[in-house]
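Take a look at the structures listed below.
Each of the next two complexes has chain A plus one other chain: chain B in the first, chain C in the second.
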Partner chain A sequence: MRRLLPYLLVGLAACAIGIGSHYSDLASPYLIQLVVDMGIAVILASSLNLINGFTGQFSLGHAGFMAVGAYVSAACTYYLGGFPGTPAEGGGVLGALAGIGIPAAVASPLILLVALLMAGVGAATAGLLVGLPTLRLRGDYLAIATLGFGEIVRVVISQVEAVGGPRGFTGIPRLTSVAWVAAWAAITLVFLRNLLGSSHGRAFVSVREDEVAAAAVGVNTTRYKVLAFTIGAFFAGVAGCLFAHYRMTLHPGSFTFIDSVKIVVMVVLGGMGSLAGSAAAAIILTLLLEVLRTFLGAVTVAYCFAMTIAVLPALTGTRAARVLGVSAVGAAGLAALMTLVVGEGDVGVPWIVAAGVLSACCALASCWIAGGRLRVRGAIIALTAISAFLLVLVGSSLLPGPLLAAKEWVQGNVSQLRLVIYAALLVGLMLTRPTGLLGGQELSWRLLRSLCRPRRKPLLETKGRGLAAS
Partner chain B sequence: MTSLQNFAQLLVLGVARGSVYSLIALGYTMVYGVLRLINFAHGDVYMVGAFIAYFAISSWHLPFLPALLISMAGCGVLGVVIERLAYRPLRRQPRLAALITAIGVSLLLEYGGQLVFGASPRKFPSEVLTATSLGALRFLSGALERSMGLMIAPEQLVVIFSAVVLMVALRLFVSRTKVGKAMQAVAQDRDTASLMGIPVDNIITLTFFIGSALAAAAGVLVALQEPQIDPIMGLWPGVRAFVAAVVGGIGNIQGAMLGGLIMGVAEYLVVGYISSAYREAIAFGILILVLLVRPTGLTGKGLIEKV
Partner chain C sequence: MALLQVRDCTLRFEGLTAVSGFSLSVEPGELVGMIGPNGAGKTTVFNMIAGVYRPQVGSILFGGVSIVGLRPHQIASLGIARTFQNVRLFGALSVLDNVRIAAHHTARYGLLDAALRNARFRRQESLIRRQALSLLRLLGLSGAKNQPAHSLPYGLQRRLEIARALAARPRLLLLDEPTAGMTPVETQSLMHLIKSLRDDLHVTIVLIEHDMRVVMGICERVIVLDHAVQIAEGTPAVIRNDPAVIEAYLGEVTDEQQ
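On to the complex of A and B.
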């Protein structure tokens, strides 16, 4: 029972996505694409967490491993698969399987499975090749060497004409579905969780904590570092294969060092050494960049952020304050989600306003209950947020000239503005929570329980003890 | 043109480019020296420097030298503000938090720059140079062409000349002045330096100011050579300069200068003799080779590990 929660959640999510994808004609292609992106991000972030978070080896080349997997598997299915529209059309593996009576509907998933494993093995080999020589390096030097590896992979790929070179690789058959991505995300999480719970997992963590001490008690540190790189690269390759067979085109420009950095950001924001944190951060950040695409989304996210800042201090207070604070963040998040689903300027607007006002009230109340200076700060932030939100939302016709112009300017520059907001959120989150969302904690019943219990105030505690002693 | 002349030509171009990398690498290496932080936003400070000079020249019609100085001062202040707001609160936190913040600041500057300046490239008014009295340099350039057959634009001579002046000035500042020595002390051991009465916070602020000013100078100098500036121009030169700092031995000022020159020369030799496609890969190839042989860079000292 104690260990059941993560499996339960992963299973539920996989079921939901599986059922959802079964009725996928109900969902828009945009939404499906979003879910696929999230799943791939989860695989990438959690596998990088094995290297960065658990083993403590700072790698900046994860996009390079992903590229290896993507290109290896795409080249195989393109040249050997025999799918319609590829050079081996009618022949290839698909043709051979059809020859022994296996229909394409059964053969395609089989081919994808083989491609996935090949992508994983190819990337793992690359991980091994990179790991063996570079693991003599430490810390920042290792980071830079892996960054260099990722860039070299990209440059080499863009020189190979067979996979499209710098123009990109097109015509890859679409074999990935939401269910495949969800299943592999679940496999990755469960595999890594079990690995980290084993004695091997303890060895990874011991390398992170103190390499010398780990070696002194007989842990083969080099072996575990290389192993972490190899396993992490394997799953990055799988993610690359899923990516390639969903997007159907690949471009060397999709695997730059900035893309590696984005994965690192997910790991660090989620919490180094927390698989649940990586998964959550991968989903949140992917969603965030999409939500920010609409103007309203941008406003809502900025607003949610203000709420979070207003509420976070209150979370250290009493139980009621914490519950209210969490519900404020939840309501604000709900508002953001509704913006995404309902879209701008539809019937949803009154609902979003209602959710916004509700969450602001909750934030205000939680700060009030938490007491002290928080009341003032909470009140100011909540009121500013409410008024700004209402002004922008409702009063677009009532807005005075300069504000209207500002609104139009924001609407005209959403594509750049969303990245600015993303970057600002990144800096803000790092400054407020330097250890990431979950720190090193995993999702467990205990964590959930502790969220609902008031944290004791250390100051009062010592006072009480002092009185008792006297 | 003989093959020797060709080689010499590439070498000179490489040195001109490399001296710019050295200037940027100095900022990386100085900040790394005092804070052990890879300041990813440094390449974007370089971009801001080019833009400040652009506006100083095209909007305020200033001559080259004042524009350069204004841009250096402006970026110095920007660097100090970044340190104050984004890095100082995280100084006692895990180093990775500061690193991610640095990446965030870098993205903020790039995308903010696209928002403010627009994403399309602008032409840097490099004709401002011909307006100033650089007759001596033009004469030198002409003499070089006549005697050795080297085609070197006066702009490139300006770049090499300014970079050398700045680097010599920095070298003298760090080794001869009291403040420079304090900077070295902070780089060696921050806590002990603080016990010796060195105002560590002020020294770190100053380090950011000087490093960012040098990056701004590099930005203006590059804009002179390749008169196209845009908000993400800092990305690759920044990465390459950082690689140069690591190759030279990060935390070491001579190392940064050496590494920058190696990067610039290697880049032009590869473009000249192999293919411009490998322009980006060569930097990393050299990096990995150097790190494998000397894990702390060319001038780096061996790390002594204490248990």
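On to the complex of A and C.
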């Protein structure tokens, strides 16, 4: 049972997404795009965590590896695939396969699979090439070297006319679907988890902990550093291929230094050395950027944050206080998530308000049970937050003039304010949990059970960085 | 045949000669002590044997094979394990994982076996786990197996380092001041333990010690280093009465006065 949890979660997520993609005609292209972005972010963050979090190397070149995979695979499917609208239309691999009686519906996934593996191998080769000369470097120096690599890749690509140069590469066939992305996210997570729970995985972590000691007990530290870069780059390449064949256009500007930093942020926020943390942070950050696009979204996210602060002390209290506290955050999070589906329309607002009120009730109850000083402090924050939330969403007319003007100003400028709010939230998160969401822990039954058991240890122990499910 | 043979090794750092013309021969099953004042070059000798430094002159044979120029992890896989003067554990990892990492080079499965968690992987992993647990029992660390290594008290951290070194299944164990910073009681029990490791596990041991009395109790043979040179070698009784040794330890004051 202990071993099954990660598989169970990954399986459930895959099923949900599979069913979802079956009915994908019903979902808006925007939502599908969002799910695809989330899956790609999960692959990127968890593979970078192998390099940065588990092996303790500092790579800032992950977008570069992604670019290698994206362009290699896109060039192959564009020039050799034989898909409609490409130079090899009617011929190519698709034509050859049709010649031996394989229909396009079967051939396309096969071609994508080959393209994915080529993207992975191409990026892994780049990873190997970067890994070898940079082995002598550590910390900041390694970061600068990998940063340089990423920029070199981007500049070289923008000089190659065959892949569109600086104008971008268009006309790539759309072969990726939600199911493909979900499957590869699952493969990445399961592969990395199994790897990290093995003797090889312990070798990676020993390099992070103490290189001299690792070598003294027989770990070939050079080999494992290069291996971390190679495996990490492989999955970044796969992510690049999925990205290219979903977006159908590539631009060198999509793989800049900033894009690498975004992946690093996910790894750090999720917890260095926690796959579950990386996956969670990748999903949360991708969603967050989208939710913040609308005024409604920005308000609910701020509300969710306020509720988290209100119940945070109660999370070290009794079982009921913890469960209610987590429910409060969950309900507020759900409200934020709902804003994605309803957008700026008014259809969903009553539901969002309901979730918000539910969240406030849970938060109040949680603080009440936790007792003591928490009771007053939590109640004040929760009540202030819910009244502000209700006033802004449904009772604007009750707002005094200056506040109403402020609200309208924010409403009008929310898209410009998006990154400011995002950055402020990141700062807040890192201040409250400096070791990241999950510290170095993995999602385990023990962690889940600790939610429902009388308190002895802190909710998320950050002391011992356990190895994946060891 | 000697298990370890160091012949006329010299190691210089720029102008400083750290070890000069050092020779050492260790027979299988021996428990050899190496003593000397601070800065005499004891740890440097270990670093040379373990492959951290490469001697400019001389040869080092382990089991009759030259190991000069091999990298530390290769030497470790050949069967030389060591501990460090200042404890170097994998602090954030659990006690059990610290020991299991040392079994790394004994694991016979590839990345793919690990990714698929197949029968081969499970068989090898359960073997590694069993061996690690029995080593922890031997060193009295069973109760702490799930704690992060850095949370252990200092004395236990030293013991864990020995357990980790043993997990690499060495034929030769190099212990660098295993009792440094321990209380006299802890020192006594650790020394008995080291002797029993040699007797029960048949591991050949060379140990560096700062405190002469400790070495005298358990080692059959003692080597004394001073200022990069070996100044004496013999049984504890001989060493205790050697004028050169007495001078190295006590005579420095008179040197300066002259």
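The rule we apply is simple: the second predicted complex is superposed on the first by the 449 of 470 C-alpha atoms of A that agree within 3 Å, B and C clash if a C-alpha of one lies under 4 Å from a C-alpha of the other, contacts with A are read in each partner's own complex, and residues count from 1 in each chain.
In this section, a contact is a pair of C-beta atoms (placed from the backbone, for glycine too) under 8 Å apart; a residue touches a chain by one contact, two chains touch by 3 or more.
Keep in mind the model is a prediction, meaning the values are calculated, not measured.
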According to the stated criteria, A:Arg167 is in contact with first (chain B), second (chain C), both, or neither; which is it?
neither
Does chain B (first) or chain C (second) touch A:Thr221, or do both, or does neither?
second
Is A:Met430 contacted by the first partner chain B, the second partner chain C, both or neither?
first
Determine, under the contact definition given at the top, whether A:Arg202 touches first (chain B), second (chain C), both, or neither.
second
Which partner does A:Val212 reach: the first (chain B), the second (chain C), both, or neither?
both
Please work out whether A:Asn194 is in contact with chain B alone, chain C alone, both, or neither, and reply first, second, both or neither.
second
Overlap of the chain B and chain C interfaces on chain A comprises residues 212
Chain A residues touching chain B in their complex are 58, 133-134, 136-138, 140-141, 143-145, 147-149, 151-152, 155-156, 158-159, 166, 212, 257-258, 261, 264-265, 268-269, 272, 413, 416-417, 419-420, 422-424, 426-427, 430-431, 434-435
Over in the complex, which chain C residues touch chain A? Could you list them?
50, 52, 71-73, 76-77, 81-82, 84, 88-94, 97, 100-105, 107, 109, 111, 113-117, 121, 124-125, 128, 146-148, 151, 164-165, 167-168
In the complex, chain A touches chain C at residues 191, 194-195, 197-203, 205-206, 209-210, 212-221, 440, 463-467, 470
Write out the stretch or stretches of chain B touching chain A in their complex.
32, 36, 38, 86, 89-90, 93-94, 96-97, 100-101, 103-108, 110-112, 114-115, 119, 235, 239, 242-243, 246, 250, 277-278, 280-281, 283-285, 287-288, 291-292, 295-296, 305, 307
